[in-house]
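Here chain A shows up in two complexes: once beside chain B, once beside chain C.
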Partner chain A sequence: MRIFQNRKARNLLAICGFLILCSLSQAAKIGELTDTNWQEQAIEFWTMQQPSVRMAVVGTTLIGLCCGILGSFLVVRKLSLLGDTLSHAVLPGVAAGFLWNASKDPWAIFIGATAAGILGVALVGWIRSTTHLKEDSAMGMVLAGFYGLGITMTTMIQNMAMGNKSGLDKFFFGQASAFNEGDIQLLAIISIITIAILLFFYKEFLTISFDAGFAKGSGMPAKVLHYALMALLAFAVVVSLQAVGVVLVSALLITPAAAAFLLTDRMHWMLILAATFGMLSGVLGAFISYLSNDLPTGPFIVLGATFIFLLAIYLGPRHGILPKALRRRKQRKRIALENTLKAIFHLCERSDFERRVFELNELSRERNISLRQTEREVANLAKAGMASRQSKDSPLEMSAQGRFKLTSSGWLRACEIVRNHRLWELYLTNAAHYRVDHVHDDAEEIEHLLGEHIVKRIEERLQNPITDPHGRLIPSREQVTV
Partner chain B sequence: MRDQFLPAFSFQNAIIEPWSLYFDSTIWIVTMGFLVAATCGLIGCFIILRRMALVGDAISHSLLPGITLAFLLTNSRDTLPMMIGAIAAGVVTVALIEAIRQSSRIKPDAAIGIVFSSLFAIGVVLISAYADTVDLDAECVLYGEIGWIPLEDRIVLGGHEIGPLPVIRMAVIGLIALGLLLTFYKELLVTSFDAGLAASLGINPGRYQYGLTLFLSVVIVSSFESVGVILVIAMLIFPGATSMLLTDRLPRILWLSAGFSGLYGLLGFHLATWLDASIAGGMTVVAGIIFTLVWILAPKRGLLVKFVFKSHSKGARTSSIETQAG
Partner chain C sequence: MATPVISTGQSSKVFVPLEIHDLTVAYSKRPVLYGIDLEVPQGSMVGVVGPNGAGKSTLIRAIMDLLPVASGWIQVFGKPFKKSVTRVGYVPQRESVDWDFPVNALDVVLMGRYGRLGPLRRPSKIDKEIAMACLEKVKMHPYATRQISNLSGGQQQRVFLARALAQESDLYLMDEPFAGVDAATEAAIIEILRDLQNQGKTLIVVHHDLTTAPDYFDRILLLNMRVVAFGLTKDVFTFENLQTAYGGRLSILSEVALSRAQKKLEGDTHENISE
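For the complex of A and B:
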């Protein structure tokens, strides 16, 4: 179990697991496709001559749009799994709508499913407010209870001698190619209604999502808005069922929105990004499932969304794992460089600023690092134009006696760092009343982070001091700026 | 349409015949239902207390790729590879959720949703891609059926026929669950209610968390054949949640959930026979109905008692105010 306490190991494990699973599913797909001539199918898909293809593309795009926008509100309100609950809870409604006239009439199914979904969400709220059971148990019960009822009803339908019941199994895993014109009309209407309501009440929805207390305090009908959002959500879930299926609708709500959440801090950008990601994964899923006859659409839409999410989590410019690691590495490098400069300053100071040229082994002792590392540090300094080598050795292999000196820009930077360090020490002793022997470690950290502005204010506050608490001279402003 | 959908209830067909004509299969199906519900309910009580109900949901979905891969690699439906695949899937699920949560600002609920749906999608893709070779039906995994469990393989021990293989296997897993529960009762109790206290007593809460997760995977994989991955959640949560409305003591909650499990098995079977529907679905409907009844009628915290008590106390208060005013 130790492995789970190590973050790196866990991340690695997670990536490996995902890659293995993804590559396996990939292999499976290609093996499947070779015998159905997928190039032709691909061309047929992208030229969009067949009406069924056009409908599938329009349908999945609209679904991605709706789910992405509504899912964003769920994700920022930490209600992601309420979407999951809702999508399972609609099943008995689907069955009831199906029973209404024993056919796949989209409107009957739509009304039944919406009613069931809203009832499910309301039940979660009631269980939570009238018992001491927690939200997750309440959601689990509604999810599984409604789903069980739905399964009982669908098995009854399937065991009944009834004519057209073939459409019902599509509700489990989705088949975008089964879209017909009625479905597309319904989808378009729902999308327009959703977007119109959200645009019209954008400010209100934004407020209840981020600060429900404030919303109530300023007289907004928080409960009405909450249930309005849930109704829209139920609409979106119900119309998405055909394309992605009951189990995977929640992914379409959560994953694109979560990917967008990683990339931006502004809600309107999040909505735009989530809608784009939703549409992209929708079309991708429709495309892949079109390549072969018996590939369900839902799982591929979900995997497309997951792929986008993985890209966002690894490469997102601000919060992504990779850019973060790169930034951290760059910072570590800078700190090492500055520490080397400081060590050279100390060497210089020890000789009363007489000597300007030093040997590598001196620096290695001062920095307390190996000679190899010292070589590398000095090479880095030279690359940054802060040091120049004085010995005639080849630049790649300097001996322990290899000599170097700081250039004027290196010297300025060294003075700056030492100045930051000593000013901070003085600030801690004078203004924060630290003991003199306790200030060094803290200054060691902060010296790399202090900006020009803060240094100036510290200086003013300490009335332009000359020496630090240990009695050493603080490099003066002139020394640093000249 | 309505009359056709809801078949007329016939006492003879739904109640008597299963026990007289088909006694041999009925008894095993009801027993299986009870065993699944009781085992899930037992472990489910701790899952509820730890607020892991939706982690259980996630694991039950993620098992699909695990067992499919195990099946593809070993080409057998034996218990052992399935268990290993399931445990691996459970571990991968929990590890992925943790990884997403720690390496980004995604909240745990969204992380759960992303992980289980992705893994489930991979499972469905695998199954549909290898549809010819995989003897697993995605829909069957979604809503398993107790009625389909093979009753022909009877286990014979010392000349006596004990029972069908799947039922005995479930019984063994149930007994292991019970044994583990009795052995680690104190540790599970402490870590479920107060992780800080547990740590100060030298009990590592994380270890029990992972132990419980692993065992949860085992229980789910052994039940999915009969109730399907989603209704496993019902069996995990309903017994414990219903009992918790009736009492606050953990031992009583555990006993009560076992009792409820028996009811689910028996009544669910008869409901399904009457309606000609899935038995697992019937069990869940019964579980939902029993929960609703308890929710309304529970002696101490039922809705009815609360409602009556509230209006009563309100009346008492106004009358006392009136007497004061008088």
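For the complex of A and C:
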């Protein structure tokens, strides 16, 4: 998960997201150009009068739910590739199930696919335990091998002279409108089993995912739980195939869970969020693909999930890029304001605290910023009620001679900042034995961060000092009332 | 809570917390532990000391039944480990888990209660109170709701210790609980361990630092694939034994550390130690 903290990776993701959005709008245009009217289709979708629409919505929602929950466990256990392996490994099973009675009987396909998926996962475990190959190599090989076999088998079926072989190609990219009642029943059963098992054994799955050794040492059957999770995953993958397709079902396992991981620090919230995101992207994908007859469902479900993931990266309250940038901006603004106050204090100090009113150009020189910036700073101070303008000119026309003074609250804050700065310098020299010429830069940063509590402790430690290491007065609390 | 079966003569069979008989553990045919015989008496605090690759962690993991045993047997309170599960507490190495995992400190400590609860039962309010009390014992209660990656290494180690305390066991197995921990935390942890020992619990602690080992533990297990020596610290912690355990790898640094530690012990042993 470190990747999300990497700026480069985030930028790359942002570009990907942009491209996805472009392709989405492109896709909508294709819908417009064909003879189906996408607005009518949209109304038809949301009114849900057609049973096929209802089934597609229920189906994709349940798929999103199952995949979101189970995928969360893959993500926190760093087994994301296992979802990929599983989804590709089921393909030969799908083909075999199809061959069983040469039709799209959901149960035959379900049994074949689940068996193939579990076989694939078991094979990964076997390769890992008998050779010294690592898990990722084993997963990569099993994934490709099973997928190759699956494609060979489905191609053979396509070339065979058989009656109803339509629908098999749906397993590659998915088509939610292909759901029938049997599929929905199967999905509902799998969803209920998944949720029930995870609810009943939540604490076991949690412990085993976090610390398998400890879980085993507490008497939890680690192997049984692991394979139970794998079986549930195989079920979920198999029932998702029709809607999402073999290639993209792993994305539905990982992406909503990854988005949830970014937004929360607690496992149960991650599960709830991942399930919600999965369901949302399911419905979204079903809706977009319904707009035109020739749009596959799977890619749109996955794009929906990816879109949610991008939102999570950018808007997540704690780790999101945008809130972080906003927080940083706010802090920069505060620091600039405090530096201005400090500069005004210095001006005042230089006049032996005689002068109270200052000109903009003085401040501009003291602060070492342009006149324009100085104007803005003073305007900000005025807005915060810390300064008042003395000239009659309107704020926009404030000239270099524009005059202003600090209000009592501004003066209070200015003294506080200077006190922080000088106290910290004194603390570094006296208590931490820094050299006097080393302390200024450090204090420049710390002055904005010291809280009231720490300041009091420093004062106590230094026995309420009067002057800083450079011999200047430290403004005391009492002196503030000017 | 069940108290360890300790009979002083009347009963014919005395079950010690840990008995190991002729244990051999191998990784892909290369033996890591070889012919280990061990009998740890109740209420002792054993430091497991030995060079890198001596099989210290392997021993702990073998006792916990986390590794296949090539030959020999291990009994915990007179039974196979699986049947004494609730009487054993465990502190694994800190690096063994992913600290980015979405749980907070209290969640982790609560996991210590799950073994007692058994399947299908949710932790009760009492379990949560016990977990919180354990966090308090290691002085981590102000951080109960912190996500665990936001804790320092020493704090993470203390959370692991609190989880083991929450297990309320009679035998504790700890794999380097002092690794990456500052001196103050180390002192705090050792105090908690002594407290456990005073309650009659048995502790087996993998330890790396030869200088502190004789201060911390009343018994030492010197390990290097086999048991070099096991017994009371003053009998085991001798130059000859350490030389055997560390072989040629006993660097000057550890020699100096050793002689310093030995001088501390001199009062008890009256042994003449070469410098």
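Simple rule for what comes next: the second predicted complex is superposed on the first by the 416 of 482 C-alpha atoms of A that agree within 3 Å, B and C clash if a C-alpha of one lies under 4 Å from a C-alpha of the other, contacts with A are read in each partner's own complex, and residues count from 1 in each chain.
Quick note on the criterion: a residue touches a chain if its C-beta (ideal position, glycine included) is under 8 Å from a C-beta of that chain, and two chains touch if they have at least 3 such contacts.
What you are looking at is a predicted structure, and each value in this text was computed from that prediction instead of being measured.
In the overlay built on the shared chain, the residue A:Lys78 is in contact with chain B and with chain C.
Within the superposed three-chain model, A:Phe353 lies out of touch with both chain B and chain C [touch as defined at top]. When the two complexes are overlaid on their common chain A, residue A:Phe200 makes contact with chain C while staying clear of chain B. In the superposed model, A:Phe214 lies in contact with chain C only, and not with chain B.
Once chain A of one complex is fitted onto chain A of the other, the partner contacts of A:Gly140 are limited to chain B, with no touch recorded for chain C. When both complexes are overlaid on chain A, the residue A:Thr152 reaches chain B alone and has no touch with chain C.
Once the two complexes are laid over each other on the shared chain, residue contacts for A:Leu262 go to chain B alone; chain C is not touched. In the superposition on chain A, A:Met270 makes contact with chain C only, while chain B stays out of contact range. On chain A, the surface patch touched by chain B in one complex and by chain C in the other comprises residues 1, 78, 132, 261. Those residues of chain B whose C-beta lies close enough to touch chain A in the complex are 1, 4-5, 48, 51-54, 56-57, 61, 65, 69, 92, 95-96, 98-100, 102-107, 109-110, 112-114, 117-122, 124-126, 128-131, 138-139, 142-143, 206-207, 210, 228, 230-231, 233-234, 236-238, 240-241, 244-245, 271-272, 275-278, 280-285, 287-288, 291, 295, 301, 303, 306. Put simply, chain A touches chain B in their complex at residues 1, 4-5, 7, 10-11, 13-14, 17-18, 21-22, 24-25, 28-29, 31-32, 75, 78-81, 83-84, 88, 99-102, 127, 130-134, 136-137, 139-141, 143-145, 147-153, 155-156, 159-160, 169, 172-173, 247-248, 250-251, 253-255, 257-258, 261-262, 294-296, 298-300, 302-303, 306, 309, 313, 319, 321.
By the touch criterion stated above, chain C contacts chain A in their complex at residues 28, 61, 64-66, 82, 85-86, 88, 90, 92, 96-98, 100-104, 107-108, 111-112, 114-115, 117, 119-120, 122-123, 147, 163, 167. Those residues of chain A that touch chain C in the shared complex are 1, 76, 78, 132, 200-201, 203-204, 206-207, 209-211, 213-220, 261, 264-267, 269-270.
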